[in-house]
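Some structures are shown below for you to check.
In the two complexes that follow, chain A is the common piece, with chain B as its partner first and chain C second.
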Partner chain A sequence: MKNVSRILPCYAADTSGVCSALYELGGMTVIHDASGCNSTYTTHDEPRWYDRRSMVFISALTEMDAIMGNDERLISDTVAAAKDLSPGFIALCGSPMPMMTGVDFDAIACEVEARSGIRTFGFHTNGTRHYTEGVSEALEAVLREYAAEMPKAEGIGVNVLGLTPLDFPLGADDSINSWLRNNGFVPVADLAMGSTLEDIKKAASAKVDLVVSSSGLAAAEYMLERFGINYVTGIPVGGRFGSELAENIRQAASATDHGCVFSQGMGFDENTDSGSTVIIGEGIASMSLARALGSELGMDCTVICPLGADDLVFRGAAKDITSEEEIEAYLGKTLPKTVIADPLYSYVVPEGTRHISLPHLAFSGRSYKNEIKDLVNTDIKELFK
Partner chain B sequence: MLKRPGEFEREPVVRIADADRSDLFGRGLEYNPPARGVWNIVHMGLLVPESHQVYVCAQGCLRGVTLTVAENGTMDRLSWVSLSEEDMFDATLESDVVDGVAEVIEKLEKKPRAVMIFLSCMHLFAGADYEVILDELRERFSDIEFIDCYMTPTMRETFSPVVWLIRRMCALIKPLPLDRKYVSLIGCDRATDEESEMVKLIRQGGFELLDINSCKSYDEYMELGKSALVLTYMPTAVTGAEELCETTGAQHLHIPNAFDTRVIRDNLLRLCGALGIDACDFDENEKAAKAALDHARQTIGDTAIAIDFTAVTRPFELALVLCEHGFNVKTVIADEVGEDADAFDRLAKEFPDIEICSAKNVNMLYAADGEHEKTLAIGQKAAWFFATDSFVDIVSNGGLYGFEGIKKLAALMEQAYLFPKDRKTVIQQKGWGCECNAQI
Partner chain C sequence: MIKLAVYGKGGIGKSTCTSNLSAALAGLGKKVIQIGCDPKADSTINLLHGDAVTPVMDYMRIHDEEPDRIEAITKTGFGGVVCIETGGPTPGLGCAGRGIITTFSLLEELELFEKIKPDAVLYDVLGDVVCGGFAAPIREGYAEQVLIVTSGEKMALYAANNINTAVKNFEDRSYARVRGVILNRRNVADEEQKVRSFAESSGLEITADIPRSDDIIKYEDMGMTCVEGDPGCETSKRFLELAKRLIEEDEKNG
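And then the complex of A and B:
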């Protein structure tokens, strides 16, 4: 069964995605749930929780509130907390129980906004989907709300979209911005690590959006539609692929249609499964790595994206394999020489296959937190030889 | 601008003399401090030897339980079946559980003796038929014991998750011919101190103490069904023990983990009675406990003390005992008053300026960042909120009990005062005492 796992953990859920995306923006995020969503998020999915304060709270939903449809409690408690803490905005997101009882977060957000005078967003998470969906909805919402039309920045201004600690180590914003500067670009806003709401308000002054995870795609599509900003997908992994990506950004800055670096040439032969190396992980990170390993080390890589691969980006380039059963069967059948994946995937890597560890916080949480690699602008030959 | 005390919509701190012990802080949004030592239902369920846990929940709920076992190196003992929106209306709610659990069992290298199936709030609200699930699985796997367990935090005011889990763990134990030589201790997530008067009375009286913490096999766990006397001292264990005794016919004795010397003495005397042994004189034990407190007082002096509810089940009673011994207890961190309501009332009367801090109030978010006088914390949450590296690192009484427990707690306070700890690493480890692979 696709929804069964004998031993592998599951990826972070959409609620954690919303909280992570909004963490540094000065708002107050309220998860409408009994308790577990917040404790899981702050323990396993949020490496900033101990050292950096952010207003992420739980509504402490009870059985009686759920049965009686007592939305008033969520509204009044949220307004009271907002009066005490004066957040820049309020975000409400759902969990499984509100999904069961049909809570209308848009309506509740309107009511909270009317009573508090603070801009309030209702997010449609339900705890049954991947974190990528939560990050995606949150990033698009803040850009819709705060990005305003403005003159373009001097040079080629670039926003980085889809950047959260669920997919990147802390400090990755500095690495990417440094790479952008070294290639002659001007960093504008990083959504959402290392930037403020003030930075995000200037996002439309960029000429290109660099989408570094699938969570940034919806925001990029919005920026393309609303402000005509082209976007490029990829993480600058390794020198050769980094150069290629930089060239794509330059082209995107002057082109009239949007660029998508993975749209061609990344496929594998569906019938032969000849990839000697399998990469398992988030789509854009894995595809970037596959491209880099191919161009620098001549490695033939196949990508498995258990989070689901967006057709626009991958177009058949990644395996549509999501469950433990499918991954185990695929690896067992193809017996690749190497698997590059989070260490916890070791339970399904066949004997005789080399497993190169690539910890991913959205999968293994804190288990390998200090070993998460910053692949940006690093020598991948050293990492993967 | 941050508000000051007295200006909040929901005050996070209250003077004990002004507090309403039936509702200390009211309800509101809740904050989650990064102190992770208290065991969760996964940790507790793992105590059943040769068992396997299967969680059937939404992804958001599964995430926490799967990473609990990832961090403590027991991933091979937990599996899951995820729930989606469609499962709520496609008439597969029960069959998905049966098929999912069956698939997990078929894939396990070694068949477990018992499978604990954790159903979720979604099942309760959707009216899932647990009996159908269990009947079907029992028919398919007649050599495995199946038990329905619950991860239903939405219902926490009706069933406490821990109380419920202990009840289900007790329900696994089958009646055996009762034997007066055996005493079972129920509901503790760590072994009780061998030097405590309670354990000594049992052992020196020629009885054998059976406790899940020392069980190496499922068969050993089943032996708990032969004890003629079942003990509890954790409040969360009472219901499970009562139900066990209804099944086996054993006698249940609840001797709460107290700090009030009169209660301790009464507990031990009742234990002697239940064991049928002569009542002992506990004067020397009490004197030793008091001497240890005096010694600690000498070392710690007037340093402010903060006690939290995760360290001990009776924080107000501990505060009272410490105040009576001259310690400068300034704060108790608790959101409700439990077994120690009498101590709360006495504190309110005799030490009215002690403050009670909420551990959950949103206005505690910045508490750790404020300026604090040097504080000795008892408990991880107290260490967090008062930003102190001088803390007693225990949860759920830490296996301490009785006069000996007070004596050892006093020693732990002295050590905490003299030897600071690495707070950030220690308090973030999930499940006190468990193996922890997390990189904190």
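And then the complex of A and C:
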């Protein structure tokens, strides 16, 4: 029963992650599903749905199609829609039912591509994993396909990896780009908010990748391996941590030995239980906030990362506590003074502990959409005092 | 790397042929993995002297979780052949095809191929390609060639034709191609002619011709393959010839 949530909602699924990552890139995304994944995505996980058009569809999988393994309907409907809409690429992603019947999305993508003449990706989502896995797979795939070797941009070009509305408010791309420019960097491509496929084709002209969520790590690893681009993890939250991050980017740009990854552990030693403040959320966002609050307000923070704390970056610095039961037990045992987390975590915050609300779209959907805070270029002393 | 899936009618001798081929490849110095993809989980038993490996589905049923190391679901048999069985649900329940897919995902997660670094992987698959799960061994990244085991019996040839047609349906998907037919003789009338006629009409070759022999039963009763029991007998020689040919082709293809 360890992974069962009685009170807390689950995070957005991998299917929503793929759709969100590809939303602005001019492709056509088809979820192979009866309809549930699509409505969850559009209703809860996609704040751009009503304001900005994108080609996201469902296959309307029927019981008989599932029983008969009728992949042909998905293939022919996708090819027909693509002929009408001429997308830049096609993305197919799965949901629980295709997972159970063992649909081979790689093979179907091959067939769709052969018939439509349009580059087609098959993504291995099944609707049961976290959105971070879907975003991660999608971002890596587009970079593998479209980023080409090219001369470096003037100055220190920076890609921002792992940027989606599931983790950031709309407009966060502008905030981060403006922070980059103010620190003398040149924004190249933001994957994937505010950038086009054309921008992504130039991604290898950057000198550094700034990874702003764990969803950007796989893409960053690929860019490191393929183009030797070093990467830095962190979000520019608060002046002091922002300055450190900017310095890390400069070091990463000038490092002669490629393969350097900056901000590993993000400056924390092994995480302890001593923090009077507990931050619950996506790993890189929470670690960045913890660092910023530490340096600006002297707060001693512990980070809980329910999405899984990737050792590559955190080196044990975040609590890899993922289930409701574990989170509740941890908070009950340590009784922190303050918890900073999405409003829906209030159900597990112990009595007497202050809960500072930090809405996270991937957790509470659009329920608190208008209260989602842009922490970049913001006075965090005011927000968290 | 040799990546081969063996299909054929139930009871036609797929496991016997696969195990003897694994043993022959191992005898020629190759590192071999044999994966039984059948809920009966008896593909590798004659490579293991009857000391069966725990099937993956059994492990998950007993422990209610996935194994975290490859050793929990493998056993090393004759010639160092690494033996794995997918197993399956309780007969009459569940979804055996899904079990095969789950097993393959698990083997990928456990980095089976990276750790064992095999020269040959043989998939021994239950009967017909009855659903998506039983086509999993021929998906991209798994088997590249299919050998269909048949005798001259009508139902065996009928199943062989179904399998050949099913695999052909996947031509656009970068799946495995049918490499040929293993004629596993049952000594029925005009056997060679019947199988040759099927092979020719399907554009296939008879890749190996295994004689009807008591040696197979004799050594299986002793919990071993014919190749292990008597490498010099005619049956073993045929499997060794097939193994040599596959190795030569693999080396030629780089």
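Definition applied: the second predicted complex is superposed on the first by the 368 of 385 C-alpha atoms of A that agree within 3 Å, B and C clash if a C-alpha of one lies under 4 Å from a C-alpha of the other, contacts with A are read in each partner's own complex, and residues count from 1 in each chain.
One rule holds in what follows: a contact is a pair of C-beta atoms (placed from the backbone, for glycine too) under 8 Å apart; a residue touches a chain by one contact, two chains touch by 3 or more.
Note that this is a predicted model, so its numbers are computed, not measured.
Chain A is touched at more residues by one of its partners, and among chain B and chain C that partner is B. By the touch criterion defined above, A:Arg73 lies against chain B but remains apart from chain C after alignment on the C-alpha atoms of chain A. When the shared chain is aligned, chain B comes close enough to touch A:Trp49, but chain C does not. By the touch criterion stated above, A:Glu111 is placed in contact with chain C alone, chain B being left untouched.
By the touch criterion defined above, A:Met100 reaches both chain B and chain C. Chain A residues in contact with chain B (one complex) as well as with chain C (other complex) are 100-101. The touching residues of chain C, when paired with chain A in their complex, are 95, 97-98, 101, 131-133, 135-136, 139-140, 170, 172-175. Chain contact summary for the complex, chain B toward chain A: residues 1, 3, 8-10, 27-32, 34, 36, 57-64, 66-67, 70-71, 75-76, 79-85, 88, 96, 99-100, 103-104, 107-108, 120-122, 125-126, 151, 153-158, 360, 362-363, 365-366, 369, 424, 428, 430, 437-440.
Interface residues of chain A, counted against chain B in their complex, comprise 1, 3-16, 30, 33-40, 42-45, 49-50, 53, 55, 57-64, 66, 73, 77-78, 80-81, 83-86, 95-97, 99-101, 126-130, 344, 347, 364-371. Interface of chain A with chain C (complex): residues 69, 100-104, 106-108, 110-111, 114.
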